[in-house]
Amino acid sequence: MNADRLYAYVGVVLFAMAMYAFLTHTHLLRRLLAFNVMGGGTFLILVGLAQDGRGPDPVPQALVLTGIVVAVSATALAIILLRRWFALSRSTALPEDQS
Amino acid sequence: MRRRVARHAVAGVASVAVGIALWQAIGVRSIPTVSLPALVREAMPASGVSHDITAVLLNFRSYDTLLEIAVLLAAAVVALALRDTPRERMPASQPYLILDTFVWRITPLLVLVAAYLLWAGSTRPGGAFQAGSVLAGAAVLLRLSGLAVLSVDDRLASRVVVVFGLSVFLLVAAGTLLAGQPLLAYPPAWAGALILMIEAALTLSIAVVLFSLFDNAPQSRPAAAPAQRGEA
Amino acid sequence: MSPIPEISGWWLPLAVLGTSLVPALLIMLLAEHRQGVRTVLNLGAAVVKLALVAYMTWGVAFGNNYELRFGMMPGVDFVLRADAMSMLFAGLSAALWLFTTIYAIGYLEGAPNRSRFFGFFSLCVASTMGIALAGNLVTFLVFYELLTLSTYPLVVHRGTPKSLNAGRTYLRYTIGGGAVLLVGVALFTSLVGDVSFADTGALVSEASYDATLLRVAFWLLIAGLGVKAALVPLHGWLPIAMVAPAPVSALLHAVAVVKAGAFGIVRVVYNVYGVETAQALGVLFPLAVLASITILWGSVRALFQTEIKKRLAYSTISQVSYIALGIALFGPWGSIGGLAHLLHQGLMKITLFFCAGNYAETLGVHDIAELDGAGRRMPVTSAAFTIGAFGMIGVPPLAGFVSKWYLGLGALESGMPWVLGVLVLSSLLNAAYFLPIVHRLWFRPQTAPWPDEHSFGTGETNRWLLIPTIATAVFTVGAGVFANMPYSPLRWAMLVVARVYTQ
Amino acid sequence: MDGEANGMTISLAFDWVLGVVLVATAAGALFSKTLFRGVVLFVVFGLLMALAWVRLQAPDLALAEAAIGAGLTGALLLDAIGHLKSRSVTPSHNDDDAVKGST
Amino acid sequence: MTAVSAGQLLPWLLVAPLAWAVIAVLIESRRGALTIAVHAIGVLLHVALGVALYTSVARSGPAAHALGGWSAPLGIGLRADGLAVTLVLLTAVVSAACAVYVMTTERAAHDADAETPRYFWPLFWLLVTSLNGIWLAGDLFNLYVGLELLGLSAVGLVALGGSETALSSALRYLMAALLGSLAYLLGVALIYAAYGTLALPELAELIAREPLTQLAIALMTIGLCLKTALFPLHGWLPPAHGVALTPVSALLSALVVKGSFYILFRLWFDVAPEAVTPLAAQGLGVLGAGAVLWGGWQALREPKLKMLVAHSTVAQLGYLFLFFPLAVGTGVSAAALATQGMLLHLVAHAFAKSAMFLASGTLIAAAGRGGVADLAGIGRHMPMSLFAFGLAGVSLMGLPPSGGFNAKWLLLQSALASGQWFWLCVLLSGGLLTAGYVFRVFRESFVESKDSQFTPTPRGYDWVALTLAAMAIALGLASQAPLSTMTSGLRVMAGGT
Amino acid sequence: MIGVVLLVLTVAWPLALATMLATSAVFRGTLQDASWWSWLVTLAPIPALIAALGATQGIRLELPWLLLGSVWEIDPARRALLAAAALVWILAGLHMRTRFVDGTHRTSLQLGWLLAMTGNVAAMLVQDVAGFYTFFALMSFSAYLLVVHTRTDDAFAAGRVYVAMTVFGEVLILSGLLIATRGLSSPLLTDVPVAIATSSHAAIATLCLWMGFGVKTAVVGLHFWLPGAYTHAPPPVAAVLGGAMINAGVLGMLSTLPLGTVSLPTLGAFIIVVGLTGAFGGALVGIMQHASVTVLGYSSISQMGLLMVPIGAALHTPSIAPLAIGAVTLFAVHHGLAKASLFLGVDTARGSDRFSRVLVVSLCALVGASLAGAPFTSGAAAKLVTKYALYDVASVWPWLGTALSLAAAGTTLLVVRALWCLAHETAEGEVVSSWPVGWLMSVGLVVLGVWSLGLPSAAPAWPGAEWLDAVSLMWPIALALVLVGAAAWASSQRLLPLWRVPSGDLLVPLRALWHWVRAQGTGIGRDPSERAKSGASPTLSGAVAAPVIVALQSLRARVRVEHPARADDALRSVAPIVFGVLVVMLLLLFRFGAS
């Protein structure tokens, strides 16, 4: 097993684990964490799997770079919304997840 | 409670299923016939830059980048829209001496690093995103330390900076189109310069936007007079 | 040969449709208080349409062809076409629309929401026209559903809980029926393709299709149409929809809704399947049984109603099935009877509803028991009612007799003599529920003051209400007395039937 | 040849360790008792990811991950935690289940 | 004047709205006439571009544009086939209508309390950009970025409402969108790993039935289904669409959810028809059926008007998914019919639903409250709005003549042609449920109550809604041409599966 | 040409008068009150009379556009009936004139009079089936106005029965005509017997037609309307009912029954039996009545029963048909005039003082004698002709002649009973003193004999000298007189039991039966809502629709709009679960869903 393949597998584990976290957590900030870890796992799979057996590939790396920026945008947006939501409702979870 | 258990159980099963499926699929995959790296290598000379990732980001797949900047802008706009009205804003955090000193010392360094990253982008690892985020990090530190009251708010100047990178990008894009070329098809001779120009503009905007996302995050004050609309 | 220049005339069906579609939209946009403009629009459109229909009828009689066709979606054309059968229905609608419009103008004097009312009123007639002129099943379906939609606001027009509930019931039935019809049309189209109505049926040879599926499609179509045609047990909406204003009831019962259903059945049997194919498929006999049950059931139920309009409603259920019955009787006579009744029933029933409206508007009378002595107070209305009632019973020389005569001939011709028994029984029942009303009108003295009397100067009631009532009553007589005149309903039905049977 | 193979083995071992640590850090970030610890571990995770990118011969990504993934996202999350907590009346650090602060 | 080729027009559909987004940010603090003028120009330009592109492609066939001058596997290709340009035109028209609605609000802002939300316009233009990007995209990863832009700007628009529910809805929406995007992105990663390219046309040639591919398609499918709010993943949609500002609701229901569905369609039928399985298609169909019934049922018992319309969106999206079982593993003719029906439904629903949302918003504005019961007696005061609502309802119910009817008809025909009677029942019950909730609104409005007070609303509202509704109706009479444009060159039409 | 004009006028003139009258009434005019107008109404049948008397050549008019294509014709065979009808209408009209001018409900009376008369005379000259049926119906329904003229409860009750029976008769006629003329679009009356003869449903068609017209001619079993109508209507109305309109029914039978074209032995025998039942039953019930008009009504039933005998015989044995038709025609004309005269006599008597009444009764006795068939009267001629016509069937039913003679005895008894009642009864209700000229003229007509009308030519086989066979005519009368004497004696000794049969005879139990049935069947046909209230068993449509309704209602119970859509909320809170499940499902579907 080479490093690329290995990191792809790590990505798989990260993705599955974070997905579990995403689905089970109700605290929105924790979900955001999970989202970011999932994203990380996905990026690892994208780059690792593409490079597995073929050597470095700038294209998936560029894609991941874009993906990172998108992810941070999404995270920031989510935090903004969450903070506004918290200000209004004193709650950090969605209404249906409360109680 | 039962729902909670179910939630965990189902999430576990689903995650494991996805994991196993991925694991197995990765195991049996075959090597593709198409090789983009080769194509990238072939096209590098015409790209205007010597670093392949920058070439992909700002030349071969520059359209992705354009949209990505738009994504960033979308987040920034929402931040601006949901930002507290001035009287809701809390005063900056209390200054801490150690942090102060640290920040004061490190900020110029970070600016330098950013400039280097931007410049390096065309030849080796680095580029607008990294540079922008370093700058943004510096601004965040300044903001946290309360040393400089930086703020990206509703003022026209702020907004101009926010859209500056995208504007330049767009102007170039429109220019290529008006020249009868495909979108963002830089003339080979100008490619390097144009990319650098775009990157520079983007660096500024990315930095400001990332900072604004931090800066404009609403305070958690109970909604006294929130900037709501529609239901006001 | 033809006295009318041979024009392709695609614009003519469109113009006929447009003469009510365009006014409908204009009226809806009109401010509530612009009564004069509205009246002019209404009547102008009605008259123009009548003229156009007359012109078209003339042309069709001489074999001219007016067709508008364009692709509506892949595999399906939108076809407006004037054939003899369409003119049967179009003529009826155009003529009765004029009268109903006049009537409605008088009826709604001073009432709120008139722009809405007349807008949908016109839309309703536009749909009826569309149904008449539809050249294939899908186009028919288009206007059939449009009719449902345009009548709903009319049914709930008063906005009272009762009328709103009636509207809901109405919708349940009609939308459900529409859905079934849609399936039927879809199934048929998927079997045979999008075929245009043809005089002797669009099915070229039924042998090449799965007979069972054809039968299934047939019954789906009939079930869908049966809702509007108020075939038992799909008739429940009709008596409840009685809460609508009188002109609406008139429209519902005589021109638009039930007729659309009946006309649809006609189209399905004659122009889609072809009467001979339908006979070969063995679907006509059950249809006749169904129609017969409806005829009797409606009559029996009518017998027990105490409200005028309710009794009329059940009477409609019964009478409209005469049309289906005539269609189901294989052979030209039954067809003539059924088709003629399509027109005759319209004339008679609209007269009766006009009268019911007159009583309600002038005297505030809604119950049969309150009609004692109304003949003296409102002789013309009562005379019209009497004519309508006798027509319904089938007393000669009124229109109803003519249709019954041919239906009877058809029953014997098609080898279903028991249908004659149905006709006889139904006539007896008709007499049993209509004659007591007539008796009350003319022979009972007025015992109590009228519930809610309005004075209209010299006449017995508002002139806008009276004139159409008289007109339709006169037509009811005329259609019977001059049944054999050229262009009479009977003659036109004969013309149609002559084209329907291959022999 | 041998050295290269040896190097590969060593580096692969490093990769294995990094992989395991990555997973462990991520697990800590995702399932830690307190949110604050989770975020801190997330920042660590980001830095480890940067390492992983280096190992995947993607220095650009390593830079970006460090600056954006770990740095900025971390700052955003930490700031958010501060605000979300600061206004809760119950000053509990264990906010995992206290999703809604009492008024 | 020479005709501009479609290929040259393509990028302008991205550049122009993006440019207006930038301009919108810059002029955000200005209110009134200037904003209206600037955005009116933008809208007009956009519509003109859409029309030009549509006519050009409809006349002379698909066009493509290699961005940056780099052809497909290396660069990103834009491609405009009939379907894409139709959707571009649809976007232009519907977004223009919503924009006019907002402008009307802005004009009326002087004498009423109504106010355009801050930063509506930038997000609006970003949304339009992302939609155009998705319709025209020829690259899997580019679609991901487009999806994210679409999702974030849509979430932002929802959040603009500012209320507590608006924010919770936006958050929920965002969470769903993010999860969906990640699933999609993971699929993209797998595809790239398997085939080394992201360009759709190339992938279409390469893709084979392999576990990795199937897994990728499955992941993308689930992600896109989540984003399209397929039952039972639709939970986020009704609150988001129901609580957003009226024109935003219209945009979201009419266009945004279609974006992810469009990708799903391309994926299944243009890119990877070999990798999908009839069983999976049946599964999606079952979920679609569930959506039709569940959404209709929810709408039937929903007390709030806009929420009712939002639930209706859930149901109507279900129809789109009925397409899958009709088109996968069935005969050519059934698949072709189903495709036509689905695409027509997509367009018709966009018109009808946007009209219905706009009309609902107007009604609510007049009534002052958002409950269906608060409409009692509104019939006399707001006939135009109700008429628009009704026309839109006609199409949603699938009553003729309307695009909705034609769509349903084609789907019915397909169900019959493929012998799948079950879907027929679903189509019918869906129509009946729709009738149920549409007429619920009418029932209230026809109540003659004297005591209710209604504030007048600008006439422009009604004209916008009416125009859109009329288009949904007109589509019923003239669906031939748009359909032939939309389906030209689609693989599924030629029995590609 | 004049003939055609006359023919048109026969129908159009009274119709025009009726139209004018209606118009005047609507516009609150006073036309109906004018004296000159009452003359117009009275003399409206003049064109008919002139046409009937003058049409020796026959007049024919074709109106293809009218109804289903109409033919109007006065042929020699019908002249007598038409003339008699017109005469009866005129004579009765002379009695009605005072009522026209100042009676109650003038307008409706005049309208009914004109319309019924139009229908009556027109039915006698219309040759096409639809036209005949039309005018027959016009006559029948318009007569309702006359029957209920007094507006008393009894009159209304009688009117109800009259209308019910009339409708019944009409549909029977329609059915009969349809069955008979199947395949003919606009048949003529003359086609009917021919068509029946070739039809496979000859017996049914004949039966329908016979019963249908039998309602009008009060065939026993279908006669329920008659006693009441005759009793409660003004006597002149009874005169036209029993003297003119009844003959339209007879004409209907003669024109449509397949007399001479086909042999229907069973039906013929049945008709004879029914006829004789009517003849004797009518007499039996009639003599137990207490009002002269009622007795006369039963006399009509009895006489019409007799009239059925030749018709039945002709159906049985087609060869006698020509004779039988002639006999029936003669019989009908005779009976019509005589009966009308008697009713007019009643009318005259009611308005007379005690002294004049004796005179009236005496003159009526003359007419009565004719009715009873006393020698040298038209009645005698009619009876003899009938007997002669039946000569050929004597071998089949040897007792028939005796039966007819006995029936004549019954007739005599009825006449005596009627006169006795007339002499003794005091006028009830509305007494209108009429100018008795009409009655006097009718008496004259009857006494002078009927062949002044030119009847001999109508009766093809005039029975030479036999009619002078006084014995056969006299013995029934003598027998009857003996019986009367015995009865008078018994009555004076109070030996006679006082049987009373109500004037509706069988109608009374029938009515009771109907009330019972209605009481049982009240659950049928009610509204669902009412049904729910009363808790009655569901109806047919209810049973069919019940499952659907139940489903809909339970559905509606669930759609409580007041509650928010909680189900969706619940679904939202388990969204992660749902997502997880779907992920697994979709993976499996893709993995194993091979096509």
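Lettered A, B, C, D, E and F in written order, each chain numbered from 1.
Just so we're on the same page, a contact is a pair of C-beta atoms (placed from the backbone, for glycine too) under 8 Å apart; a residue touches a chain by one contact, two chains touch by 3 or more.
Bear in mind the structure is a predicted one, so any value in this text is a computation, not a measurement.
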- request: In contact with chain A and with chain D at once: which chains are those? Just list them.
  value: B
- prompt: Chain with the smallest distance from its CA centroid to the overall CA centroid?
  reply: C
- request: With centres defined as the mean of C-alpha atoms, identify the chain lying farthest from chain C.
  value: D
Statement: If chain centres are mean C-alpha positions, then the most distant from chain E is chain F
- prompt: Which pairing of chains gives the most C-beta pairs in contact?
  reply: B-E
- prompt: Between chain B and chain F, what is the gap in Å from one C-alpha centre to the other?
  reply: 104
- prompt: What whole-number Å value describes the gap between the mean CA coordinates of chain A and chain E?
  reply: 27
- request: Mind checking the centre-to-centre distance between chain B and chain C? Centres are C-alpha means, answer in whole Å.
  value: 70
Query: How many Å are there between the centre of chain D and the centre of chain E, using C-alpha atoms for each centre?
result: 38
Query: By residue number and range, which residues of chain B touch two or more other chains?
result: 7, 10-11, 14-15, 18, 21-22, 26, 29, 35-36, 40, 53, 60-61, 64, 68, 71, 74-75, 78, 82, 129, 210, 213-214, 217, 219-222, 226
- request: Check each residue of chain A and list the ones that touch at least two other chains.
  value: 9, 13, 15, 17, 22-24, 45, 49, 56, 59, 61, 63, 65-66, 68-70, 72-74, 76-77, 79, 81-84, 86-90, 96-97
- request: Name the residues of chain F that each touch 2 or more other chains.
  value: 572-573, 575-577, 579-580, 583, 587, 591
Statement: Chain-chain contacts, ordered by label, are A-B, A-D, A-E, A-F, B-D, B-E, B-F, C-E, C-F, E-F
Field: Complex interface listing, chain D residues touching chain A
entry: 11-12, 15-16, 19, 22-23, 26-27, 29-31, 35, 38-39, 42, 45, 49, 52-53, 55-58, 60-61, 64-65, 68-69, 72-73, 76-77, 80-81, 83-84, 87-88, 95-96, 99-103
- request: Report the residues of chain A in contact with chain E in the complex, numbered from low to high.
  value: 15, 22, 28, 31, 35, 38-39, 42, 45-46, 49-50, 52, 59-60, 63, 66-67, 70, 73-74, 77-78, 81-82, 84-85, 88-89, 94-96
Message: Looking at the complex, which residues from chain F come into contact with chain E?
response: 558-565, 567-568, 571-572, 575, 578-579, 582-583, 585-587, 589-595
- request: Spell out the part of chain B that touches chain A in their complex, as residue ranges.
  value: 7-8, 10-12, 14-16, 18-19, 22-23, 26, 29, 31, 35-37, 40, 52-53, 55-57, 60-61, 64-65, 68, 71-72, 74-75, 78-79, 82, 129, 206, 210, 213-214, 216-223, 226
Statement: Listed in rising order, chain E residues that touch chain C in their complex are 337, 340, 344, 377, 379-380, 383, 387, 390, 394, 397-401, 405-406, 408-410, 412-413, 416-417, 424, 428, 431-432, 435, 439, 442-443, 446-448, 476-480, 483-484
